[in-house]
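Chain nomenclature is as follows: A, B, C and D, assigned in order of appearance, with residue numbering initiated at 1 for each chain independently.
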Amino acid sequence: MKYAYFPGCSLHSTAREYDRSAKEVALALGIELAEIPDWICCGATPAHITMQLLSIALPVKNLLLAKKMEACEVVTCCAACFNRLKTANKFMKQRGEEQLKIEKILGEPYRGEVEVRHFLDVLVNVFGSKNLETRVIKRLKGLKVASYYGCLLNRLKDVTGLDDEEEPRMIDDLMEVLGAEAVKWPYKTECCGASFSLTKTDVVLKLSGDILQMAYDEGAQAIVVACPMCQSNLDIRQAMVNKKYKKNFNMPIIYFTQLVALALGVEMKKLGFEKHMVDPRPLLKEKEIIFSKA
Amino acid sequence: MINPRTQELKNSRAESWEPKIAAFLCNWCSYAGADLAGTSRREYPPNIRIIRLPCSGRVNPLFVLKCLMDGADGVLIAGCHTGDCHYSEGNYYARRRFAILKKLFEFLGIDPRRFQMAWVSASEGDKWVKVVKELVEEIKKAGPILAKS
Amino acid sequence: MKIGVFICHCGTNISATVDVEKVAQVTSKLAKVHFSTTYLYMCSNPGQELIKKAIKEKGLDRIVVCSCSPSLHEKTFRKCAEEAGINPYLVEIANIREHCSWVHRDKKEATLKAIDIVRLAVAKVSRDKPLVKTYVPIEKRVLIIGGGISGIQSAIDIAFAKYPVTIVERESSIGGRMARFDKTFPTLDCAACILTPKMVTVSQSQYVTIYTCSEIEEVSGHVGDFKVKIRKRARSVDINKCTGCGACYAKCPVKVSAKFDMNLGLRKAIYVPFPQAVPNVPVIDRQNCLWFSAKNASGGTKKACGLCKKICNFGAIDYDMQDEIIEEKFGAIIVATGFTQFDHSVYGEYGYGKYKDVVTGLHFERMASSSGPTGGKIIRPSDGKEARDVVFIQCVGSRDEQKGVPYCSRICCMYTAKHALLLKEHNKDAQAYVFYIDIRAAGKNYEEFVKKVQDEYGAIYLRGRVSRIFEKGGKIIVRGADTLSGAQIEIKADLVVLATGLIARPETVKLAQMLHIPYDQNRLFTEAHPKLAPVETVTSGIFLTGACQSPKDIPDSVATASAASVKALGLLLQDKLEKEPLIAKVDRNLCSGCRACVVACPFNAIDMKEIEDRALKCKRDVAEVVEGVCTGCGNCTVVCRMSAIDIEGFSNRQIMEEIEAL
Amino acid sequence: MIEELRNKARELLKTKQVEAVIGYQRASDGLSAIPCVIRSEEEAGRLIWDAACVYNLCGYLKDFRAKKLGIVAKACDVRAMIVLISENQLNRDDVFIIGMECCGVVDEKRARVSGRDGSDISSADKCKSCASCVPLAYDCLIKEKREKAKVSEDADKDKYEPVRKLEAKSLSEKSKSWKDEFKRCIRCYACRQVCPMCYCPRCVADQFMPVWFSKAGGIEGNFSWNVARAMHLAGRCIDCGECERACPVGIPLRDINRKIEKDIKELFGYEAGMKTDAKPFLACFDKNDPEDFIK
């Protein structure tokens, strides 16, 4: 299994632990991730509200780079990158003047021939949950997690085609494969505040606070995510939520890749847990998933 | 051995050529749609000659062949949208027949623009006008059939 | 052959853009054209007199009238020619108004085109053949498919005119959806109180036959003579012996959830769906009946129950009853198959139909009904506690192109308002919240009713959609937007009632294909004309009523039912039916018997017949058209490679002649 | 193999299972095979079978309506019979199919040019793309002893490659080349006479009420005839190649037939001559048939 790997800006900055843990998982399972050379911005959330052309041209540029690597599939971990790449790909599969314009800008023809996958999809559907189960060394027994999907991973369904929009199950199922318990909760796809993190922090505090509260009420000990933006809002803003709403949340926000890596027996220190604001290590120790200085 | 009438047409067309198009319309949808274009006084080019038939399923491929061989520059078949056929199914048969004929014509070197099909319902006077306008434009581009053949 | 060409000015409708005199002059020179003239209004009496006079004086034998669309005056001019002694099928119309003068501006071009159009018509008329109208007898009986309020009303109207009528109903009782309702908007009459008398009327009428537990198996034939196969499913109870005493279901030991009550209550394995059922005869649910399950169990070692048979004093229970196919003839058919509810389990935001306390309007109806499973209490199905805060969500499935249907279901605004009112009447501490997109209350006293519910019954109407429903702490949390105040709303509800839309029943497509009537993209049956023929279909003799054509409330269903009855009765009152002779005809000498036409005929109007071929000295099959069934669509003529089958009035020769005249 | 065939014929005639057996006999040139009708056991010795047995004999069945017949048939011939059965032209019970396992027949035209010695003449084009040596239906099967030459490994990969090549040409090229082909047509109707599917009591080409297309040998009439012939075979042609073989002026009629065959297969998933209860392709439809060419 070989993929062109598109990390995106978050995984090279705030979400380095996501990048690292994904690569560890890939290594452990024999999935080859070849980073696209000279990759550029995916268009992220702001581009499409500014200019449609830009929001398509940017991801298509990346797909063209992948095409040059002779890769027929691109994999990414970031939900926003995934969504943008998928959207652009779907757009380029249609034919019209807009498409011609984009091909003209980029100087190359492109008809959506490179497939785009999320790393979660690769794990669950390509590598396969069943195969994965046989590779689990350390079962995450006793860990109760709330799977949080956010908005970009599954919407729109005809673009991403990944999982149910309203009641996704992919991460829940994956967690159960790893031996953890996925709690039932209704906020899997609630808004975390997303890119308002800097401009309207209040909104993020309210929305992310609600999510934390719901996860706590339903008995989760940690929240598992597949999007760097979700992670940062829920993790970095947790202290501010606590302050503003007089709460005492101490809810680790963990990437699914980190938990998969642990279950596959990857060393804890390779997974960047120290970068989290709410340190997951005490919880993981308590559940005897990791051991201090073993 | 050209039919005398086509010879006459050939001559008359030398100067200012205007395409002549034969159109087979089903009585229940497309003919009524063309009527509606009339009652709504929608203007369209006068190049089309309508032959009324009960159903698009009544159009024999040999009719189309005859039109093109007799000097019509284009042929249009219009019927009810699928599912709306007055005879429930006639247009489904027509669709299948002419999918094959259209491909065969192209294979034998007949410009596909010359033979077209459209679904026009009784309420689609506007669509009728659009179809005729586009068809006339396209056939003008394709040129006179005899000059090409 | 002497063809006469008559060109109409249509006031200035034609003559303003077409030089009619020039058309007359040019066309008079066409081969076979003997006479050509114009007149101001050809369809007027003097115009027709002019034609008749010309026929007689000039000895014309074929007529071309150049005027408006044949859909308007073809019949007029055929009749006119007939009166002058010419076969009416030797008349052709050249449509120089809708297809020429009204769509072109340039007089020169329009005139040239008009001449061409006339030339085509002349070519066609020269190949016309005199035809004789045919007549078919009418079977003076009406079939009504569906025994809901529409079907019942149609049956009452037809029986009143003393014509026999048969209702075929799938369930074990007539009554349909309306039998499940509690009250009806906007007057709040109790549904049973107004429906039951009608059910009794049909059941007692000597003109009405009711087949319950029955379905249509096959339909063939045509207007005046439909042959219908009806499957009567085995009821296991003899309808003639049963007195409806109820001893059997009192004794039956099996309890299963009742579909009639939306599974909110229980019924027995032998049961009548509701107390007012007509016929008031129980049916055995063989899947759940102990006698049948013991019989079907391997070896038959289990002891069979047989209690109902033992208790019945009239010997009405018949375990050996089999399905029965009956075949009957009808002159007309009224389709009254009604609707079904949209399945809201496609909506993730409403919990995919998994939450017990998220129900549909029909559940609410059953709960509100005093004879229903809860005895008129509005409860939470999850724990049976009385519901206090109830959220109603409108447009579930309706007006949703993505997951539902694009149309408005028309009745949900009203029934939701009714539910909000009933809720308050059943429990004065209750509070109704209604999420809506628009309130559509266009009906007599409808808007007033909604207003009353808001003002006097304190229902809170919130304009906006619900984004999510979830269970938390024993409550249903409803989150949505109130777009008028711009606020996000969160309601901790006991019960959520979804106003699910009305959709076509899944079997409609099959039925449409049996009946040869069209249906639309929503699988609703299509009327012949949306304004001028709303209860007819394009297939003559088949009429529509009720919600199978489009969502309708009770008043509209009853109105269309009566309308359809009038149409059917109009047909039955004829002595015989006139039929256009524009149908297929086989030339046996050319027919190879390949059966392509038999397969391709949408109406099964072609049979094979064995003939003695003298030339080949053997017997061989040839096609034969069943004249009464053929509709003249012409599909057969195209699949026939040897052109052995042709259509009168649109024959190969006529069309080829037209093409030559192009 | 030939003895097996002759014995079968003898047995059929002896037991009166059939009135005659239609098969092949050697022509006077000593190499070609020509049709023969065997009516008695004694005659059965005339029957032969080899790669020279090119002709599709089904056409003769029409002349023996309602008689019990045996027929020597290759896989392609049997497909023709299947169409005839489905079109009510042949009663399955009236024929006894002596199915021949077939390794391909010779290309008769090429053989005529190059002289023939029976063995090293390349097989006919239709055989190159044919993967089925055993008929779809038979009453007895006579097995081939020879190894079937590696027929179609790459030909089968894309049996329509030649059609695709023609399709790829420009409109004017196509127009010109077909006009050149049709110009040569002498309207002898040999293509029709030899075709097992052409059984109309009176062909449209011979009708005069109406005259469907010019009977004269001009390009319009020739074009019309060839299109009409092709359309009348749409969904029925089983590519036995007899029309092309019979054409005295060498018009590549199989290209036209195969173009339609290909479209029907690709667009509608329909193949002629596979099932005796199949509905005729143009006399049925599917609600999901493609309609992207319709406005």
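Operating definition for what follows: a contact is a pair of C-beta atoms (placed from the backbone, for glycine too) under 8 Å apart; a residue touches a chain by one contact, two chains touch by 3 or more.
Model, not experiment: these values are computed from the prediction.
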*Pair of chains joined by more contacts [C-beta pairs], C-D or B-D*: B-D
*Measuring between mean CA coordinates, which chain is farthest from subunit D?*
A
*Could you put a whole-Å number on the gap between the CA centroids of subunit A and subunit B?*
56
*Quick one: report the Å distance separating subunit A from subunit D, using the average Cα coordinate of each chain.*
61
_Interchain centroid distance [CA atoms averaged], subunit B/subunit D, Å_ = 35
*Could you tell me the distance, in whole angstrom, between the mean C-alpha positions of subunit C and subunit D?*
49
*Could you say which residues in subunit D touch two or more other chains, in rising order?*
204, 212, 282-283
*Any chance you could list the residues of subunit B touching two or more other chains?*
61, 66, 70, 83, 89, 93, 97
_Junction residues of subunit C - those touching two or more other chains_ = 600, 638-639, 652, 656
*asked:* If I apply the definition of touch given earlier, which pairs of chains qualify?
replied: A-C, B-C, B-D, C-D
_Touching residues on subunit B, where the partner in the complex is subunit C_ = 5, 20, 22, 28, 31-32, 34-35, 37-39, 41-44, 46, 49-55, 57-61, 63, 66-67, 70-72, 83-90, 93, 97, 129
*So in the complex, which bits of subunit D are touching subunit C?*
65-66, 87-89, 199-204, 207, 209-212, 232, 279-280, 282-284
*asked:* Help me check something: in the complex, which residues belonging to subunit D touch subunit B?
replied: 166-167, 171-179, 204, 212-214, 216-221, 223-224, 227-228, 230-231, 234, 256, 259-260, 263-264, 267-268, 281-283, 285-287, 289-291, 293-295
_Applying the document's contact rule, which stretches of subunit B touch subunit D when the two form their complex?_
1-3, 6, 61-62, 65-66, 69-70, 82-83, 89, 92-93, 95-111, 116-119, 131, 134, 148-149
*Within the complex, which stretch of subunit C touches subunit D?*
589-597, 599-600, 608, 616, 618-621, 638-639, 641-644, 652-653, 656-657
